[in-house]
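Heads up, the next two complexes both have chain A, just with different partners, chain B and then chain C.
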Partner chain A sequence: MAEPGVGQAYARLVRAQIRSQTQYRLSFGIDVASCALGTLIEAAVVLVVFRVSPTVGGFGLREVLVMSALAAFAFDLADLLVGNIERLSTYVRKGTLDTILIRPLRVLPQLLATDFALRRVGRVAQSSVLLVAVLVYADIDWTPARVVMLALTPLAGCALFAAVFLLGACVAFWFVESGEIANAFTYGGKEFARYPATIYPGLLRRVFGYGVGLALVGYQPALFLTGHADPLGGPTWLAWSSPAAAALAWTIALLVWRTGIRHYRSTGS
Partner chain B sequence: MPGLACSSAPPTPHAARGRDFTMSFASARPLRPDRPPDRRARLYRFGALFGAGFRRWSTYRQAALAGLFTNVVFGVMIYSLLRALADDGRRPGGYDTTQLATYVWVGQGILSVVHVWSWNELADRVRSGDVTADLLRPIDPFEAFLAADLGRAAYAVLARMVVPILAGGLMFTLYIPHRLHTVPLFVLSLTLGTVLSFALRYLVNLGAFWLLDARGLSAVWLLASGVFAGTFFPLRFLPEWAQAVLWFGTPFPGLFQIPLDVLVERPGPAQQIGSVVLQLVWVAILIPLVSRVQRAATDRLVIQGG
Partner chain C sequence: MIDTATETMIETDTMIEVRDLRKEFTIKRKIGRVRRETRTVSAVDGVELSIARGEMVGYIGPNGAGKSTTLKMMTGILTPTSGHIRVCGLEPVPRRRRLARRIGVVFGQRSQLWWDLPLRESFRLLGAVYTVPRAEHEARLKRCRAMLELDEFMDTPVRQLSLGQRMRGEITAALLHGPDVLFLDEPTIGLDVVSKQSLRAFLAEIGAGGEVTTVLTTHDLADIEHLCRRLIVIDRGCVVHDGTLEALHARYGSRRRVVVDLDEAREPDVRMPGVAVEGVEADGRRITFALDGVPAGELIARIARDGGLRDVSVREPTIEEVVARLYRQ
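Then we have the complex of A and B:
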């Protein structure tokens, strides 16, 4: 395994990032605050939606708030940990990935450490508070199985979103300017997971919900936690399959990443 | 004589970093080569920069394709949600389902025309010091950047607006405007929305003259423009008082909600024209504000590095 020096090197990279990002104090403060506020506003959107309609896709406010809070927390945590991998396209375009490749450290952890975005801590803090508040409001009938589900879902969801971020970033190895495709699956994925899968047309539901696995992040666990049967007839074990989906997604993402790194040919003249 | 050469030598780096290099660029104005001011030359310059903006963005074809894919995916998702709200014959915010479809799909199309996302070009140039070059040019930087941004918007109309509307039209039923003046009014409203969006983005970037780093302000802008312009949901879903505050207290509805409301004919004919007048009022407020802030900003500019 790694020698003690390696861990220190990563820690040093992260610390350097934190120092550099907090350099312009006022700007950083505004940035953190607005990140946190963003989470709050996204949650308020659900309330606005229920202002104009008593149900959404056959679900009430309680269920939708639970799936929305689960999805938001998983996404924000993934965004904090690996979200900045989307800057990979800049490295590939400018050829600066070379400097990372020649260092005696692993490429992926190095990139994640170098681009660590501290301001997203604000988001994660806000969305965890929100998740707790929503779970209290939803007045869930706690059973041991539901407690396990609650512990499992945010972590598996975070891993799944992280894999999607990584896969999306890998597009840059082949199509340098196509970074926006990834947004459809990352930010789009979050939007998808926030609301009941019943509202989406069949193709989108199959691709995003079960192809990418995003229905396992918010929709299915929320059904399990609130004791609601799936109107689409999905079996209960679907709610338990998020860790398996996350593991599968990571396997694919790492394979694509390896292929991508080997495909990389640098740039410039 | 060696003594003379010594006294005309440049100041030491330490002195240079102080007040000595703090120039007021307002005094650089008389350098304009075209006095007396020539309207035709000004218009020609504006047109040239507009064309340059258009050509610059038209080189990113792959990015435009990727963006279109994302627009279409988001279009389906947002429309699915709004459509679910209109179940059982409800009219959320007073829109029927075809009006909602048009709101979403034309909305996805105009997102990148109006460009409600972050834009850091000027702020980056302030941080790096490159902004000196912009200030020494014989054209007001706001005018120059505006021309380039309108060129960008014109390209976005062709590359980013048409496809989402066609995609939406193929999958769902869109609303066809009934009034004769609606389409020209929409074009005017969209242009004003783009100018408003640019003026606000420029203001955010001017913040870099004080903070050196506009990322914080940029994040606030991103949040405000997203929610208060109506890109998350039509603002008519909000309570009346909140709508009044947003429409009359902030310029944000003018970026997105007003052009779309004009197109789907949500308000009556008088209100339809009135909302475009409201956009005009906001333009008339913001442009003088931008020049005042710009003057204050350039007066306190210290070029970094040196």
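Then we have the complex of A and C:
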């Protein structure tokens, strides 16, 4: 993508999308507010759980809040950047991907730019504030390694969730009515990542926690930040493996994407 | 970009070259509760065509004949099952982005404009997407604005435009980057008579320039009559005619008709080779003759000689007639 002006083209597409959305001011305002409210409710759920039980999966409020906030921030960031790829199923069903394909830009960045959902900014803002608050509350003993971990985890987590979003969207190339399958993995994945891997039964934990990599987004980094050993005996390097997991997930997602585009049928005349 | 030199060399005056092009779709059909039957359908089944620079070609066929599928393979939207395609010397799917700069596409049933933004904004965005130099962009836009009379709705959001206005916007959008080849998929669909005429006039002018090669699919055969000297007819995935409209008429024996109104019912003596009575109406006072290679004047003179001729009209064969005959075969 070294051609001059291409980056600018994407920037213009994003700006146009923002202008389109802000045309309907009231509905945009409601969207932003309701997105932000969602984050607060999710945080409140963690507190409610701890009112009933002093520990969850062997962890106290402090640790669970850290993993929950890390996972939520990574997810919300991914949702802001690529969440709207879920609209791909509409494009495929109606055949409107055609108009994307006739332009001299790559399909995926073009879709992300034309569907950029600014309203999700509210959500990211909320979850970043929450993350900072939780880290302060958790009273972490900061070492250089932990600072690096904190910088790395949300980015790798965001990339991992983004790959899951993309894979979920690709299902539309083969199965037309695919919205719910994708949601199970994306929104379901976020919920999974917010709680200690210890609460899940073995198979579920292995498949989603380490197969998909969801335990690397919140659980493992939170153990590292709070200085906890993994009660399941996982090695420390697991906490550092999220970038590798994200890279692997993207490789798979892009391969599936390429195959999917070739499979596109452009229904309708 | 590996072989720019070779590409320019290959690129002679043939702008579109298609050989033995095929596209198969698999269709899954439910039989029983879980079982599915998979069937392969050939939408395009060995299409061959070659279009030279500056030609304006009508590409027609009945619904489901494979017109749109061919067009979508030529524009890089669909991957062919097999066959050879070159558009501007490029293979569409692998060189999609490069090809996109050289072609303009209008889908009558899809919009490529930004729905919630003023038309002016869509044009500006497309200028950025195609990285068109500002001066070129301005010059082309100015020409389209004048010829398609866009000024009165340049600042209206696209969602509020009438279909005719929107289509004028779509055509402009397809031309702003100065394409070598223009693909128009049913550009006049749903338009009123006046809008159709002004669009045709504009397309004719674009075509007359001789720089832009145009492929037009349509169900309105009047579009073809007004715009295209060459006609490619496709049916069930194969090309069944490729040539001028006249050649099509000659091939399928389209006949001119002479309708005469007589003062009173009688049976005129017209036993001439190549003349057939096709219909008798109004109690024998209106007779329709079909002519096959006979000059209409000769027949009319013969009838007039006997007297009592009130009125005469000569009807040219219509394109609908011949195409309908072609589709039915």
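Going forward, the second predicted complex is superposed on the first by the 266 of 269 C-alpha atoms of A that agree within 3 Å, B and C clash if a C-alpha of one lies under 4 Å from a C-alpha of the other, contacts with A are read in each partner's own complex, and residues count from 1 in each chain.
Rule of thumb we're sticking to: a residue touches a chain if its C-beta (ideal position, glycine included) is under 8 Å from a C-beta of that chain, and two chains touch if they have at least 3 such contacts.
Note that the coordinates shown come from a computational prediction; the quantities given were computed from them, not determined experimentally.
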So, after the overlay on chain A, do chain B and chain C clash or fit? They fit
Does the superposition put A:175 against chain B (first), chain C (second), both, or neither? first
- First, second, both or neither for A:8, with chain B first and chain C second: second
Considering only the touch criterion stated at the top, classify A:37 as touching first (chain B), second (chain C), both, or neither.
first
Request  = Could you look at A:259 and tell me whether it touches chain B, chain C, both or neither (first, second, both, neither)?
outcome  = neither
Chain A contact check, chain B vs chain C, more residues touched by chain B
Using the superposition on chain A described above, determine whether A:16 touches chain B (first), chain C (second), both, or neither.
second
Once chain A of both complexes is superposed, is A:195 in touch with chain B (first), chain C (second), both, or neither?
first
Worksheet item: Counting only touches as set out at the top, which of chain B and chain C does A:104 meet: first, second, both, neither?
Response: second
With chain A overlaid, the minimum CA to CA distance between chain B and chain C in angstrom is 6
Going through chain A, the residues touched by chain B and also by chain C turn out to be 23
The residues of chain C that touch chain A in their complex are 25, 68, 72, 75-79, 93, 96-98, 100-101, 103, 105, 107, 109-112, 114-117, 121, 124-125, 128-131, 157, 185-186
Listed in rising order, the residues of chain B that touch chain A in the complex are 60, 62-63, 65-67, 69-70, 73-74, 76-78, 80-81, 83-87, 90, 92-93, 211-217, 219-220, 222-223, 227, 232-233, 237-239
Seen from chain A, its contact residues with chain C in the complex are 3-6, 8-9, 12-13, 16, 19-20, 23, 95-99, 101-106, 262, 264-266, 268-269
Given the complex, residues on chain A that touch chain B span 23-24, 26-31, 34-35, 37-38, 41, 45, 48-49, 51-53, 55-57, 119, 175-181, 183-184, 188, 191-192, 195, 198-201, 204
